[in-house]
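Some structures are shown below for you to check.
The following pair of complexes shares a single chain, chain A, combined with chain B in the former and chain C in the latter.
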Partner chain A sequence: MFDLIIAGGTVVDGTGAKGFIGDVAVKDGRIAAVGERLDGDARRTIDATGRVVAPGFIDPHTHFDVQLLWDGAARPALAHGITAVVPGNCSLSLAPLRAKDRRALVGMFQQIEEMPPEAFSEAFEWTWEDFAGYREAIEPGLSINVAPLVGHSVIRLWVMGEAANQRAATPDEVAAMQDLLRQSLDAGAVGLSTSFVDVDENGRPVPSRFADFSELDALSAVLGEQRRMLQIVPEFYATDITIARVDQLAELSLKHGIPTTFSPLFDNRLAPENVSRVLTRVEEQFARGAQVWPQMQTRPIDISFSLLRPSLFFARFPRWVRVLRLPLPERIAALKNAEIADKMIEDAGPDGGMAAFGELVVRAGEAPEHLVGRTLAEIAAERGQSPARALIDVSLEHGLDVAFVAASRGHDDTSRIGPMLASPFVHIGASDGGAHLASFATYGDTGYLFSEFVRGSGALSLEQAVRKITSDTARIWGLKGRGELKPGFAADVVVFDPDTIARGEERPEFDMPGDGMRYVRDSSGVETVVVNGEVAWEGGRYTDAKSGVICPLN
Partner chain B sequence: MNARLIGASIKRMTLARQRRFVTPHPDETLEALAARALPDAPLADAVDQIRAWNLHIFAMRKPRGLMLGSDVVFVEPPLT
Partner chain C sequence: MSAAAALSCSPTGLDDAVVEAAEVVAGHDGAAELMVRLRHGNGASSFVTLDPAAGFDLLRAAGADNLAALAGRPWRQIIRDL
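After this line comes the complex of A and B, so read on.
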């Protein structure tokens, strides 16, 4: 007897093969059979008539490291059909980490991923230092599968202490890092992440950026022992540098026999040749036998912010960041201080912030009705002010609680994105799930893939889209026995309505530790999500299933 | 890999030519890197050129000009 049969749906098995009407049977957490009409009884049958039955989706770029300590479903990722996530990207992971270095790591998460310090202090006890300990801390509560990366910056912190973001490592220190990485891989890490762009809360480059290439080469040699992944964040704002990073990754991939990936890769009118040039180089490197996978998001990034909280939107303007980090009374006083405000406006550019802020749109919410939907350039012109001055004054007039949207950062023309996503050299990812909590929702990229690029433009077939976010991802990352509906594979399954699957509207949710706010998107069209054979989400509700695991690797 | 011109080495493997770069040696100064990368140019000119070709380090970064071991340092202007 099977544990579960999902019957009568269109089975899209993750390989790219054409879907067919059939059944999927599950037993002992694994796919037991797939066919047009399966014989045999089951403890439970789900009628999937008119629905698609597909492997669970895999999100390869997230920052759920801390959320998994109190929310094993990585909500709302699971509700969008995601059954496996990769945290630990961008050189940051919660292990290995000595107790004395926790403050430094929290500062980096706060600066780079916009995660509040309360998330690291109010919802769990730090019970671990090494990677095996972190695994033990999260695994019992998992409803979703996890393939965690280990961060280069924390490895440097462990070995070098305060010198981690001051200098190159000695040969002995590099050897110690190799040992630590090897221990982490043995404890289940899927690979190593590093960053070439990020800074800490003091504006200083993160530790991984102080590593010379020989250090990264030495760590990649350890990855090569187990064929594990190297993930990097390149200087994505500059095509020539990104191509240089592709070449470096290719060298490491060929030398050590490892897969590599970089994220993000954006398409934007400011650099319209960026993606084509980078992909051409990626294709050349694949032809040599290297594995260098560029990750592209499906969606543009629409950043919401107010002067109530700092935002990555102001990353180019350190003076603004410093002021917006002040406690609220001091912040308001600083913004009212003519000398300080004048310097902030000066920093916004010689055009008074027209280029930087003019296209910002006032978001519905606490703002007065007459401002909602208007650009800051329009409001500034009406007031006879510069946009930077208007941004400060309008905010002050309403207790700083006026939200603005900076639309279409990252990708800015959806019509160009579909063919890029369809490229066999593009890895769909870079969602940043679990990060940038108060700037934008990092959930629903998979629903957006189907609504915009399968039902909408038709740039991808249903089968192509499913393959891109299931078996392709599992193969690239070496996730053992996942990503396909195939007997013996893990029973990670999503049942969805192909006519309605989409992401919901962005909305604030107050469910973070310390009553913190984050933006989320609900799913639509996703009806049932099965993780290792257990129904983890159905009918719009999470179940009590705790069937997630640390993903076994090839 | 630190000390060699990655773009040049790849050219021998029939990849399309890309902009050449080096990565800094540990504790290497700008002057030392410029002398290494552009040995035929007068040092002052070499330093000026390295600065001009690498605004991501010498203009955009704070603190400005802090060279890191992981940096890509271009040793020629953009190809297009």
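After this line comes the complex of A and C, so read on.
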């Protein structure tokens, strides 16, 4: 008898093969059978008629390291059909970490994740120092699978202490880092992450940025012993340097026989050749036998700002620039000055800023609840003002601490990005799930892939899109027996409605420790999520299943 | 990213480079950033992306209070005044 049969759905098995109407049977946490009509009884049958049955989605770039200590579902990732996440990106993981270094690491994590301080002081107990200890701390509570990276910055911090973000390492220190990396890989780490870009809470470069190439080469040699992943954050704002990093990764990949990946890679109107130039070099390096996977996110990038800090959002409006660059007291005084405010409004255009500011949406923060989620055009109409006037007045009424978001202001041209995502050399990822909590939602990219690029533009077929975020990801990262609906593989399964799967609207959620706020997006169209054979999310609710594991590796 | 660091990203041949265009773009972390496209004397183009602090420094150094005023300005002259 099977444990579960998901019957009558369109089976899209993750390989890219054409979907077919059929059944998927599960037993003992694994796929037991897949076929057009399966015989045999099951303890439970789920009717998937009219739905797609696919392998669970895999998110290869997240920062759920801290959240997993109290939320084993990495909410709301699981609700979007994601059954495996890779935390520990960008050189930062929670282990290995000596007790004396915790404060330093918390600062770096807060910079990236924007996690409230209570998360580190109240939400969990630090019980570990080494990577095996961190694994033991999270594994019992997991309802999602995890393939954790170990961070280069914390390895440096362990070995070099305060010198980690001051200088290059000595040969003895490099050897000690190699030992520590080897221990972490033996404890289940999927690879090593490093960054050439990130800074800590004081704006100082994170420790990994002080490594010279010989250090990265030595650590890659350890990765080569087990053919594990090297993830980097390159200088993505400069095409030429990114291409140089592609070449560097290719050398490490060829020399040590390792897969490598870098993120993010963005499209941009002002530099429309950026992605094509990088991908051309990636393709050349693949032709040499190297594995260098660029990660590209599906979602557009939003701009968020308040008048508390000067934002370049106003760079097209000279009078706004002049006022917003003033020190805060003078800035508030200038905004209250009727003559100056009138000139700023005039600067915003003859329509009172309707075109420039009308679509801005008020976000949570100090803004009153009745304004949150509404456009400035709506608020201005209600107040009988122009949008530019409303922007100034609403801000002044709340000490300038009112956040606005301008949606889809980068990486937002579907006609260009669709073919990029479909490229066999592009790895769909870079969601940053669990990071930038107070700035924007990093969830729902998989739903957006289907709504925008499958149903919308048709840049990818349903089968292509599923493959991109299931078996391709599992293969690139060496996740053993995942990413396909195939007998013997882990029973990670998502059942979704192909006509409605999407990401929900961004909304504030106060579910972080200390009632901390983060932006989230709910899923839509995802009906059932199975993790290692147990139903973990169904009918809009999380279950009590704790069937997630640290992913076994090839 | 500091202005100095960003400028180090630029290719050689800065003496001939002029600002071709500048545009506000969405940065990775949701902040508005300034992307400046340069046209070099040999006809090649390149770009640098500046975070808010560096972007405002650049506008100030160029004596510009809006993006359009950057167009056509010699890059070398701007960064000399940073």
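Rule of thumb we're sticking to: the second predicted complex is superposed on the first by the 450 of 554 C-alpha atoms of A that agree within 3 Å, B and C clash if a C-alpha of one lies under 4 Å from a C-alpha of the other, contacts with A are read in each partner's own complex, and residues count from 1 in each chain.
By definition in this document, a residue touches a chain if its C-beta (ideal position, glycine included) is under 8 Å from a C-beta of that chain, and two chains touch if they have at least 3 such contacts.
These numbers were taken from a predicted model, which means no experiment stands behind them.
K.L.:
Considering only the touch criterion stated at the top, classify A:243 as touching first (chain B), second (chain C), both, or neither.
P.N.:
Touch status of A:243: first partner only.
K.L.:
I'd like to know which partner A:409 touches here: chain B for first, chain C for second, both or neither.
P.N.:
The answer is second: A:409 touches chain C but not chain B.
K.L.:
Have a look at where A:270 lands relative to chain B and chain C in the superposition and call it first, second, both or neither.
P.N.:
Second partner only.
K.L.:
Looking at the overlay, does A:235 come into contact with chain B only (first), chain C only (second), both, or neither?
P.N.:
Both: A:235 reaches chain B and chain C.
K.L.:
Applying the touch criterion given at the start, work out whether A:288 contacts chain B, chain C, both or neither, answering first, second, both or neither.
P.N.:
Once the two structures are laid over each other on A, A:288 reaches chain B alone.
K.L.:
Between chain B (first) and chain C (second), which, if any, makes contact with A:318: first, second, both or neither?
P.N.:
Both partners.
K.L.:
Residues of chain A touched: more by chain B or chain C?
P.N.:
More residues of chain A are touched by C.
K.L.:
Between chain B (first) and chain C (second), which does A:3 come into contact with in this model arrangement: first, second, both, or neither?
P.N.:
After superposing on A, A:3 lies clear of both chain B and chain C.
K.L.:
So, does A:208 touch the first partner chain B, the second partner chain C, both, or neither?
P.N.:
first
K.L.:
Have a look at where A:309 lands relative to chain B and chain C in the superposition and call it first, second, both or neither.
P.N.:
second
K.L.:
Please identify the positions on chain A that touch both chain B and chain C, taking each partner from its own complex.
P.N.:
In the superposed arrangement, which is not itself an observed complex, chain A uses residues 235, 238, 240-241, 318 for both chain B and chain C.
K.L.:
Once bound in the complex, which stretches of chain C touch chain A?
P.N.:
Going through chain C, the ones touching chain A are 1, 6, 9, 11, 21-35, 37, 46-49, 52, 55-56, 59-60, 65-68.
K.L.:
Considering the complex alone, what residue numbers of chain A touch chain C?
P.N.:
Checking each residue of chain A against chain C gives 197, 235-241, 264, 266, 268-271, 300-305, 309-313, 315-319, 321-322, 325, 409-411, 436, 439-440.
K.L.:
Enumerate the contact residues on chain A facing chain B in the complex.
P.N.:
Touching chain B: residues 167-168, 196, 203, 205, 208-217, 235, 238, 240-241, 243-245, 247-248, 251, 280-281, 284-285, 288, 318 of chain A.
K.L.:
Could you list, by residue number, the parts of chain B that touch chain A in their complex?
P.N.:
Residues 1-2, 6-7, 10, 13, 15-16, 18-19, 21, 23-27, 56, 62, 66, 68-70, 72, 74, 78 of chain B touch chain A in their complex.
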